[in-house]
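Okay, handing you the structure first.
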Amino acid sequence: MFLWFHKFGSPPHFYRIAGKWIPWLSGLFLVLVTAGLFGGLIAAPPDYQQGDSYRIMFVHVPSAWMSMLVYVAMAVCGIIIMVWRMKLAEIVLISSAPIGASFTFLALVTGSLWGKPMWGTYWVWDARLTSELILLFLYLGIIGLHNAIEDKRVAARAVAILAIVGAVNVPIIHFSVEWWNTLHQGPTVTKFDKPSIYWSMLLPLLLMALSFQVYYVLALFQQCRAELLRRERNSKWVEEL
Amino acid sequence: MSTSALLETRNLSCIRNDRHLFENLTISLEPGRILVVEGPNGCGKTSLLRILTGLRLADGGEVLWRGEPIGQQAADYYEQVNYVGHHDGVKNELSCIENLRLARAMGIPSNVGLDEILEQVNLYAYGDSDVASLSAGQKRRLALSRLLATESLLWILDEPFTSLDKDSMKLFGGLFEQHLQRGGIIVMTSHHDISLPQQALTRLKLGQQV
Amino acid sequence: MNNRLSLSQAFVFLLRRDLLVALRNRAEYAMPILFFVLVITLFPLAIGPVPELLSRIAPGIVWVAALLAAMLSLDSIFRSDFDDGSLEQILLSPHPVAVLVLAKVCAHWLVTGLPLLIAAPLLGQMLGMPQQALPTLLLTILIATPVLSLIGAIGVALTVGLRKGGIILSLLVLPLYVPVLIFAASAVDNAAAGFDVSAQLTMLLAFLFLSLSLSPWATAAALRMSAS
């Protein structure tokens, strides 16, 4: 098992394996996302309160989930970097950052689009939207720090530390914002609470979530391959390609 | 590789901005040896020294102290190391004496009195004056006097003679020799020709294999 | 014979050294508090001298200004040590770097965080903050500004090697300050309205202990990264 892990971690091997997986993952993603969108946008019944506008949830909720999941993945990479100094983890961490930031941005945009029919305005200081906004800042901080440090191996250690510190803070920030929100608005039910879920809604939601996860791995592989080539452009195996 | 070596490196390599500065560097230093690292600018002299201190991580290979990787015995290793880098590491706002006291607090204090040390490096008259008022050469002497204020076997010196005059160079050359006779080790870079005991000297030329 | 200083002696020594350096650089360290006063002066000028409005938003203003002042002063924790090479010497000390880092952060807080304690009640008065909120304001500053220094130290340690670290530093540090801002401002706000504030103060204390125990390690790791 460890040997396999070690082999998978070697850059040329990863480059090849990831290249082989990309078409399969693309296919899987297309199937899942089509099924999810069909289920969500066409098959699922309209909500009795929100009509059709709730359907944006099928994009909003999975992207919000992904924004957290990617951050956790980055923090795990951060720990691997600090303990084992594994090159592949460095590449996965920094390749994840723009993907995670995009998911966060998507969650923010869809959230405010959803907010327009609900609240009559594109932005309210809802707890989850505010948390997502701060999460976006955390992502941008990681990207900014990585860009600012020239030596990329040093930069990887810097963002590893930052990702770990951030991951400790994310739950605290989330909790604080939640607390702040109830304090100032009274214990109203937030609009993003899952509406009473029917199978016809839950299934497409899960499908969408799954397809987003596949998409993450797909985008990650592509980013990692590009980053690997950039980093190892002088090494033998890249020249042989 | 002899077992009496205190400081060893095994297959050390260093990459900076895609340039392989050195690869598979294996060094072994017994007590009383001095290693002078030579080579043109940008060949990795400073990087090698910083890897030996553990400030910089090697891109391959390891540094051993008494046969153990330095990362696994950081506290013990740092009791034995004294590093004077490009920067003097002295605070402008403090006096010479205060700076030396701080250096002692950060390492193992030696039994030599601080006044005595300042006298040895010809800074006795400046003991209580702020470092900000010293010249570059005087600051360098103060930085090097840290070597006497703390007890350490391994001195790692990056261009120690920068901005020193001839007399001071001779002075520190003598102090280096005493350190070697006590069984210490010195690793240094220098553009200056100084008289060092030939029998203890090893020269390492970097930047040739590239 | 090993006459290495004990860890607590080394801690005190470094703390004293930093305070001494700060004392000899008084002018530089007066800046954050000046900035704090200045920012707060801007608010009445921007929104008009309406007493009800000002006293309503005073807790928020004071805390946002304290946050910005703390951030502005962060750079001085490690900047001069990084530039003159003292930082390398600290990293090469046989003492645990995290403890030495803690000494430096303590010194920094004593010269930049503590003065806010003197200025804050004055400014609270100028903004018409109710009298009963003042003890809470002081208490929150006492508990929460060390948290700002501790978290900020991580950010500075990550950016101290960069030429243009300032903007990135604020991007790194401000989001992490959010919980402190929320609970500290809310405590003062509640106190002004005459409510109980023990929940907020307990949270701030929890933040303090958490950052005290974790931040020095992260800062030490980040300094090692910056020095390489």
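Letters A, B and C mark the chains in the order given here, with residues in each chain numbered from 1 onward.
Methods note: a contact is a pair of C-beta atoms (placed from the backbone, for glycine too) under 8 Å apart; a residue touches a chain by one contact, two chains touch by 3 or more.
None of the values given here were measured: they were computed from a predicted structure.
Chains that touch both chain B and chain C are the following: A.
Among the pairs A-B and A-C, the greater number of C-beta contacts is found at A-C. The greatest centre-to-centre distance from chain C, using averaged C-alpha positions, is reached by B.
With centres set at the average Cα position, the gap from chain B to chain C is 36 Å.
If you average the CA atoms of chain A and of chain B, the two centres end up 47 Å from each other.
One simple way to say how far apart two chains are is to compare their mean CA positions; for chain A and chain C this gives 32 Å.
Annotation for chain B: residues 57 touch two or more other chains.
Touching two or more other chains at once are residues 228 of chain C.
Of all residues in chain A, none touches 2 or more other chains. For chain C in complex with chain A, the residues that touch the partner chain are 154, 158-159, 161-162, 164-165, 168, 171-172, 174-176, 178-179, 182-183, 186, 207, 214, 218, 221-222, 225-226, 228. Touching chain A in their complex are the following residues of chain B: 15-18, 57, 59.
For chain C in complex with chain B, the residues that touch the partner chain are 2-5, 9-10, 13-14, 17, 20-21, 24-25, 80, 83-86, 88-96, 100, 224, 227-228. Of all the residues in chain A, the ones that touch chain C in their complex are 82, 134, 137-138, 140-141, 144-145, 148-149, 154, 157-158, 161-162, 164-166, 168-169, 172-173, 175-177, 179-180, 183.
Within the complex formed with chain C, the chain B residues making contact are 50, 53-57, 74-76, 78-79, 81, 83, 85-94, 98, 101-109, 130, 146.
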